[in-house]
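Two complexes, one shared chain (chain A), two partners (chain B, chain C).
Now for the complex of A and B:
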């Protein structure tokens, strides 16, 4: 082996390690710099006070969770029906066109969804800056993402299984239920990834439902909401040094949750293989 | 009552413009094993799948002519699911459902409205016994069906088909994915089943057709070359292509 090859191999190796080191360091710095704040009394259970320089992140955490719950409720039925249509019902050509449309929607910048949500849900449908506007906007973004990912799991179910069900005298609907049953792990994986992504999105909700500060938790769908990512943005952009710790704490929490989500997905993939 | 189960008249089948079955005329008799034989791509699977209208699922598929099941045109029947229960099918690759052994066999019963537990248990056991699988799985009824061996899975699929109490069992190369021992078991089983059911089997293997079938249908390039008593055709084929297939010159 020539020296050139050895040198090249080592160069590539070092670059790879460096890239990984940067990624790990980024995550580590975020987590470590925020982690100590978790142990401040009331960090998870109190409202922020004195321009976010004291107190905790309770309303943001609850707001984010409420948003997720609504996105879940909207995206699951719609996304699942869409996925079933793409994989089981639509003629192949139509399905291809629709799927590439969904793929295109995935690469639309998220602020564009935000602007769409603002003009459509908030203004046109008069929903205002609210929990419902934000969750519908997030769902608009999440549904194509979910469909794109889940449809592959449905398509991977062998044709023989569908035919086996039909050949026993079952209806098309019963065959579809069997396909869902066979692909349930994959569909669940897609769902978790979708929610994980929706959880961390900032731009679409920044302009449609999130506010910097409100004195109460949303009780109606038309109430505005505080969330983790938008509050980080607000603190970093608008507030002084004494409030930054709260942004760091929330960022750390979000990274940990995201890592948790991916860990869960990996675990499920491994279970599926067995 | 005549013993003709299927009467196929002037049947043409197409995928798009491509003609895969060309003027098939054929009678399939009750309580015998009829083997549909021929080289790859001769249309034998298509013919079998026509018999329980499984090709309806394929886009671009079209069909001309008539298939009569006990005198009734199967493309004019109103209750297709009930028809498919009476004429059920087992596939080339074992396709157990992603559920337990018991639920696999019970599936067909459940979709046809049987939910009472004691009845289900009785019928599942009966079907598994008929498929000569009961002794091997009676202690693993709750285990996932995919954990069974390939041969067991295929017998499970046969049990699943028998559970709905069909009259006809269609099998599409049921042993091509199995080892010789599993194949022998299934062949014996089919011979037993032919006492009660009409069995139509597509096979690529000439040996298998000769071993188990009473009647053989020989297809070549979408045309019916000849059909009749297996032993007669094996000894004195009327056509040159059949002879070539029997002697292994084509296949």
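Now for the complex of A and C:
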């Protein structure tokens, strides 16, 4: 082996290890700096008090969960049906065009979705700053993301399975259900990733549905909502030292949830391979 | 019936993209009509009562400078890590690094924003910088955000190079370095795709520049200058503006710029990647 190759290998190795160390350190700092606050009494169950310097994160947590539930309800049915159309029904050409449209939508920055949601859902459809505007805006974003990821798994189902089922006299609908069942692991992975992404998006909710502080939980779809990511932003930007612990706690929670989500996905991927 | 039903969902998605373009364009029409080329003047004083100014030039330049500078670092480092993982790493190393990168890729950008403001910002002040939130800080945080994306996409496309190509090169007596070049050539479409994707993500990223970049609308001259890219202005002002005002419309013009940048980049990516694929296949 030449001198040059050894030098190259070591350079690459050092860069890789440095990147690895920085990434681990970043995650660790965020998690560790927020973790102790989990054990404050009432951190998960109380409302924030005194300009977010006391109390807990209960309404933000519930707000985020409600938003997720709504996004799930809107985007999974539409996304799944769209995916089925792309992989099972549409002619190849059309499917390609639609898929590249979905890929394009995937690369549109999230703030653009937020601004679109503001002008379309909040103003034009007069839904105002509300849970429903935010969830529809997030869904607009999540649907192409889900389709783009899930369609690969449906396509990966061998053609013989479809032909076999049809040859046995199954209808198109039954054949499609068969394909879905064969690719369920992949579809589930896409679903988890989609929800994870919707959970972590901040800019669109900030513009369309979130408020810095409300005194009650949203009970109607047209009520504004407090969420974890937007509250982190609001605290870091607007409040002083004595409130920062709450932002750190929420950030730590979000990172732990993210790691949990990806751990699950990695686990499923490994199961599928075996 | 079933066919019709499913096609509706797909059409909905296509319609959404056109709706986005249409709404953002139509809301920005007022600013385009009333301000005209003034939109590209350097000053942005949207709420000044006497003579409001809606110039995006400074923000646009800052956005581009920040994006280009950060992208170049992410490209180089990401490529280096991907090459190491592909060529030299043991299986265990590969798994651990990729797993950590995947975790980082899922972390919400607002959390990285908090990291930049509270932790890196503090370090900056201790090191003697005169601002905690500045160009360099934003650039570092954006690098952490996009490196996993660059690395994993690049790694995947290098791994996908068919083994007979590599074996062929070795059989012809190619040295390690030349084998590497052959692999890079074959992975080029994927790598370029990843590079442009990184550029796109940094250009459109909002939360981080909103929190970490500093927010001053002056052209960047040093690493420690606070800056305000396009998306930061959009994110911070759109929530408070009166709906239908000229300011509102000017903000939609900014959104239009960001959106068109993204769409142009998409078309460019497709064209370049197709060309490269043709070149690779000979």
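In this text, the second predicted complex is superposed on the first by the 274 of 274 C-alpha atoms of A that agree within 3 Å, B and C clash if a C-alpha of one lies under 4 Å from a C-alpha of the other, contacts with A are read in each partner's own complex, and residues count from 1 in each chain.
As a working rule, contacts are C-beta pairs under 8 Å (C-beta built on N, C-alpha and C of every residue); 3 or more make two chains touch, one makes a residue touch a chain.
Being a predicted model, the structure only gives us computed values, none of them experimental.
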Inset, instruction - Using the superposition on chain A described above, determine whether A:219 touches chain B (first), chain C (second), both, or neither. - result: neither
Legend entry - First, second, both or neither for A:92, with chain B first and chain C second: first
Inset, instruction - Look at A:182 in the shared chain and tell me whether it touches chain B only, chain C only, both, or neither; answer first, second, both or neither. - result: first
Inset, instruction - Go through the superposed model and pick first if A:119 touches only chain B, second if only chain C, both, or neither. - result: second
Inset, instruction - Have a look at where A:174 lands relative to chain B and chain C in the superposition and call it first, second, both or neither. - result: first
Legend entry - Superposition-derived comparison: chain B or chain C, residues of chain A touched: C
Legend entry - Touching partner for A:165 - first (chain B), second (chain C), both, neither: first
Inset, instruction - Residue by residue on chain A, keep only those touching chain B in one complex and chain C in the other, then list them. - result: none
Legend entry - chain C residues touching chain A - in the complex, by the definition given at the top: 2-3, 5-10, 12-14, 16-17, 19-20, 23-24, 27, 77, 80-81, 83-85, 87-89, 96-97, 99-104, 106-115, 117-119, 144, 147-148, 151, 175-177, 197, 200-201, 203-207, 210-211, 231, 234-235, 238-239, 243, 251-252, 255, 258-259, 262-263, 265-266, 270
Legend entry - Contact footprint of chain A on chain B as seen in their complex: 52, 54, 57, 59, 81-85, 88-89, 91-93, 95, 97-99, 107-108, 111-112, 157, 160-161, 164
Inset, instruction - Would you tell me which residues of chain A are touching chain B in their complex? - result: 91-92, 158, 160-171, 174, 178, 181-182
Legend entry - Contact footprint of chain C on chain A as seen in their complex: 1-2, 4-5, 8-9, 11-13, 15-16, 19-20, 22-24, 26-27, 29-30, 33, 78-79, 81-82, 84-86, 88-90, 98, 100-105, 107-116, 118-120, 123-124, 140, 143-144, 147, 172-173, 176, 196-197, 199-203, 206-207, 229-230, 232-233, 236-237, 244, 247-248, 251, 254-255, 258-259, 261-262, 266
